[in-house]
């Protein structure tokens, strides 16, 4: 939904997968040039693992997980799809899967895919900066990769790279607030969640809705964490879904008889999004009630329908999660030091604080 | 279809319309700063005219004009939509329409939208260069605009800008052959033409096909040049169509019972495109027959169905069309000279030659 | 001396002055568009003030202030040159000088030239990032300027700009350590300080040294803070000096009879610079003594000459100086809040800490 | 002198040498990846040859060859310096010299350094485009290099690269007229030629002129094609000369007693350059005489001194020199075809025409 704010941001997960693959090649060549052994098989496995790391994401990942396919973790779907591919390719992805899961002995290969400084983030921060034009996210991925090293099977950063890492962590934080958690982006996602919720309710009530066969499948059936992997059909329909199924349906639903569904769909297609207030405290109940009453009047809906249009939620972000595999610095004297100690600023401590913000959504025109 | 070759090229006509609007503002400010009178109303009209200049394009414009909506010119649809908007806005677009049509007295305003050096081309060449990464198309739009002037109500270029113009004309030619007429792009478009043709035939035969209501409308009804403007419903359905209607349907049709339709749809979604041969001469009939026979064997189809898979066509391009409003150079001594005379090279004459190339398409694996 | 590390960094103070002027135009237009009154005269004055803000810098500013023209502040020279220009232009620079000095009533005009968020820094950070290729310094100058506003005659930043400001302060800190205070840059400057010191001593002792007339003037005469402004000749020779006087002399001095001078000059021209150790503590006296003894042996110099080749010093940097005019944020509710309070992170507090580092220089090969 | 028009263009021959070296590495890797044998020794030799290809250029190469060191070809100086280095390095540059001279059997290595499509041009076109901001010179060096191949020991281009080559040839032509032969650039060079001529005359007449020892050497001695290589001292002083010797002297000479010298030097330092008229025909004698009389009056000089201020000259350029090693295209059917035949346009023929232009220079204010 980022394109609602930054129209250039139409790049896809396909671009990202190719970019991350490219960074993996650079990183592996660099580590080999520093004398670390990485076999051709390990190189292929690491490249496959990062190529496939996001394969379990559906369209509008976050929104769907909260409406059509409740509670299913994309990591589990990625793992399942990799297993299927591994069967198809006679076990050729075994090492790739071990690297992806973090069970392969050379831990640094996993850390390049998923860790504080992984190539996944390095690609998406720069790519998103480029396509949104938000220069705050530009990072020196080439310089950071040149500072990579391996110590005791773990990925470490050479001392000279400290400032680039600091910049990387800060860039990530800034991109969260300026792009990924931008109010308008959240507003678009929230409308999508609400309209899919509504569509599913209507389908459950026997209503006929225009939908591609795979979208229809998830509207009609109650697929969730518990039963998703029980039937292969679920996975097939899931991988078949993409943005176009959703958008094509939303466009048709703008003319649906159900007022709630058609109103939400028109809000999204006409870019007449919720107004979003974001703050450090949860919105006051009186204010929410007041806004719901106003929405009831404005839209001519029933009280129990107000929750589609006026509601609260919360979002959070933490740039650097020290518990989850700290960034280790390789000092010139060969000591290994946590970056929080190696840096001369307390920035990094503050980056560990989880920042939580509360949001309040309601229709424009109230 | 350019994204099939250059994956970054996902930018849209919306971006282009905004970009061309921006260039119009720059051009108008420049001309005003050189002492030419352009009223606020004229400025608004010119900006509206370029904002709307492409509004009549449907999705996959070229492909649809050869399949679903045969022979309808997008310029006519643009004109009709502008008239409708003009009615809606109580005549406020009258001047914009005159500028668009070329009937407004200050001819240079029309030439900025549609001419040898219009802002339309200036935007799309640079934009397409940027998103494809083909640097051959980079042009100095800012420098060319700075060289704009008006003489006798016509747009002219100051002498100092000759080399930039030369570069612009050449860039256009190179972008045609490297991007717009790239074999893989043409191959993608051809598959789309053929599969829509087939879908329409099946619909005519009473087959049921998954399609959004608007796409269904064009599959079921025979809308053409002659009857398009007779019913307003046609226009409504047409403006309602976008890429997503097409792609969502193509994805579903990969599982259709009709072998021709499902084969073509699978070729497109799996990027298993036609092989395209391009040359200066029309393909030999014997070779076409040979390939058709091979296709019949390969795909297990009937002889009369071979034409969906093996066929010839031609494409052409001319960078500079001297007949259609030459580029006039304003020399330092205030003479007006045609650029072909002002330039010290014969490049420009050669750019006037229409280059026609013949293509031959057939399935891979023959 | 930055080009010793980043060869592309050959850009000059002239580029910077033009760039800062350009940013001033953007900022003034922006503030006018937000309804603040800035007369044509004030606009001219502000633009002149920033054009001239660095005019008092000599070549290798820092190095010369520690050798040839001890203790003279470039701000005082800038002020004097502006006064001279003001006399020449019949008082037309009066407002520019008031803005430069901070005595003009509209304080924000001064703050645009010299403050926490001035256009001076905004230009040089981006320019230096571009020419060095150190992407850590890229800042969104256009976005920050768009967030400018004026409140009570002071420059303030609108709330939406907080993250961009945070990025700006951090970029500055990173550029200090990666570019301006890079060990090799410091090493080059230190050699220049030492060789100019030595040249001045030789000149005082009556030695003849190749030098342009203006360089010769500062070698032969003892010009300092106390007497600089007493004679106009001093200023004339000072403004006449540039990098070329220094470099042309250094190249000739590589063949001078004085071993110390020629050794230092050869070290600089052959890029055989001091080795620099940088740390959080002052170097141990024993280690300095040891290195001096080694240098005496290596170079065949006398003990009292060792100080030209082995010595310690300190450098410091503080990204954000809260005392000196805090950055004020204009909240959506029109409150004015210090950025340290408005930001949700403690970053900014840590940026206020002065970071001091100690350096130790000695010749390579010891 | 390009920086007189494009202030950013302060990049140096050192940057260019490094850049060309980098392109050589890319090209050699590419050719090796296509199966051509290039030994490590050949790779080193080719890289050294391109690193050193311009080493014989003095400062302001063209200007000095017409004043201080008449008639000496920089290629001969390069060759001599390489021989000296070869002696110093015990013959390790032997293959590099053979490649540079074109006597090494694998001719394509020489063609990469000096030919229609050499890496020298590829580097400087892109570099000069970047630093001047003239986007007309941007070329797809990476794409062209990817199209390189070797056929019968000669460098050829694969058919797919035709459009990129066309763009490259045109870019070169455009850069000539917009940058290298820009009127203001020529004007600056002409002033330098004239003032060095004058300085040499004064030196010959026994006048004392401020100059570094090496510049002084060329002012005092008559060094030319015939005697340059007779004494090693000549080469030493020549390699010792750089822009700074010239600029530092010019700055001092602005105060010289000789009116012609000081006037020319002030014109250059104050950027009060000759006005230059450029045309397809030689300037009329009457007009030259008229301007000389006007200059005599304006400047208060003697008739025989007018030639320093009013004079004519000619310049020429040819983008593609078919005689000198044509660009060969490797067609898909493995035929080798000259690009003029392979391209579908007559552009290339027109690029072979030598374009000659006549210039007339005279002081501003006449």
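What to note about this one:
The letters A, B, C and D name the chains in turn, as written, and every chain counts its residues from 1.
In the analysis below, a contact is a pair of C-beta atoms (placed from the backbone, for glycine too) under 8 Å apart; a residue touches a chain by one contact, two chains touch by 3 or more.
Listed by chain with UniProt protein names: A, B, C, D = HD domain-containing protein.
This one's a predicted model, so the numbers in the text were calculated from it and none came from an experiment.
Considering every other chain in turn, none proves to be in contact with both chain B (HD domain-containing protein) and chain D (HD domain-containing protein). Chain centre most remote from that of chain C (HD domain-containing protein): B (centre = mean of CA atoms). Chain A (HD domain-containing protein) and chain C (HD domain-containing protein) have Cα centroids lying 43 Å from one another. Between chain A (HD domain-containing protein) and chain D (HD domain-containing protein) the centroid-to-centroid distance comes to 53 Å (mean Cα coordinates, whole Å).
Centre-to-centre spacing of chain A (HD domain-containing protein) and chain B (HD domain-containing protein) amounts to 35 Å, using the average Cα coordinate of each chain. The touch graph of these protein chains is a ring, one cycle where each chain has exactly two neighbours.
Every pair of chains meeting the contact definition is listed here: A-B, A-C, B-D, C-D. If you check the complex, the residues on chain A (HD domain-containing protein) that touch chain B (HD domain-containing protein) are 7-8, 10-12, 14-15, 18, 210, 212-213, 240, 242-245, 247-248, 251-252.
Interface residues of chain D (HD domain-containing protein) facing chain B (HD domain-containing protein) in the complex, by the touch rule stated above, are 134-136, 138-140, 163-164, 166-167, 170-171, 173-174, 177-178, 280, 344-347, 349-351, 353, 355.
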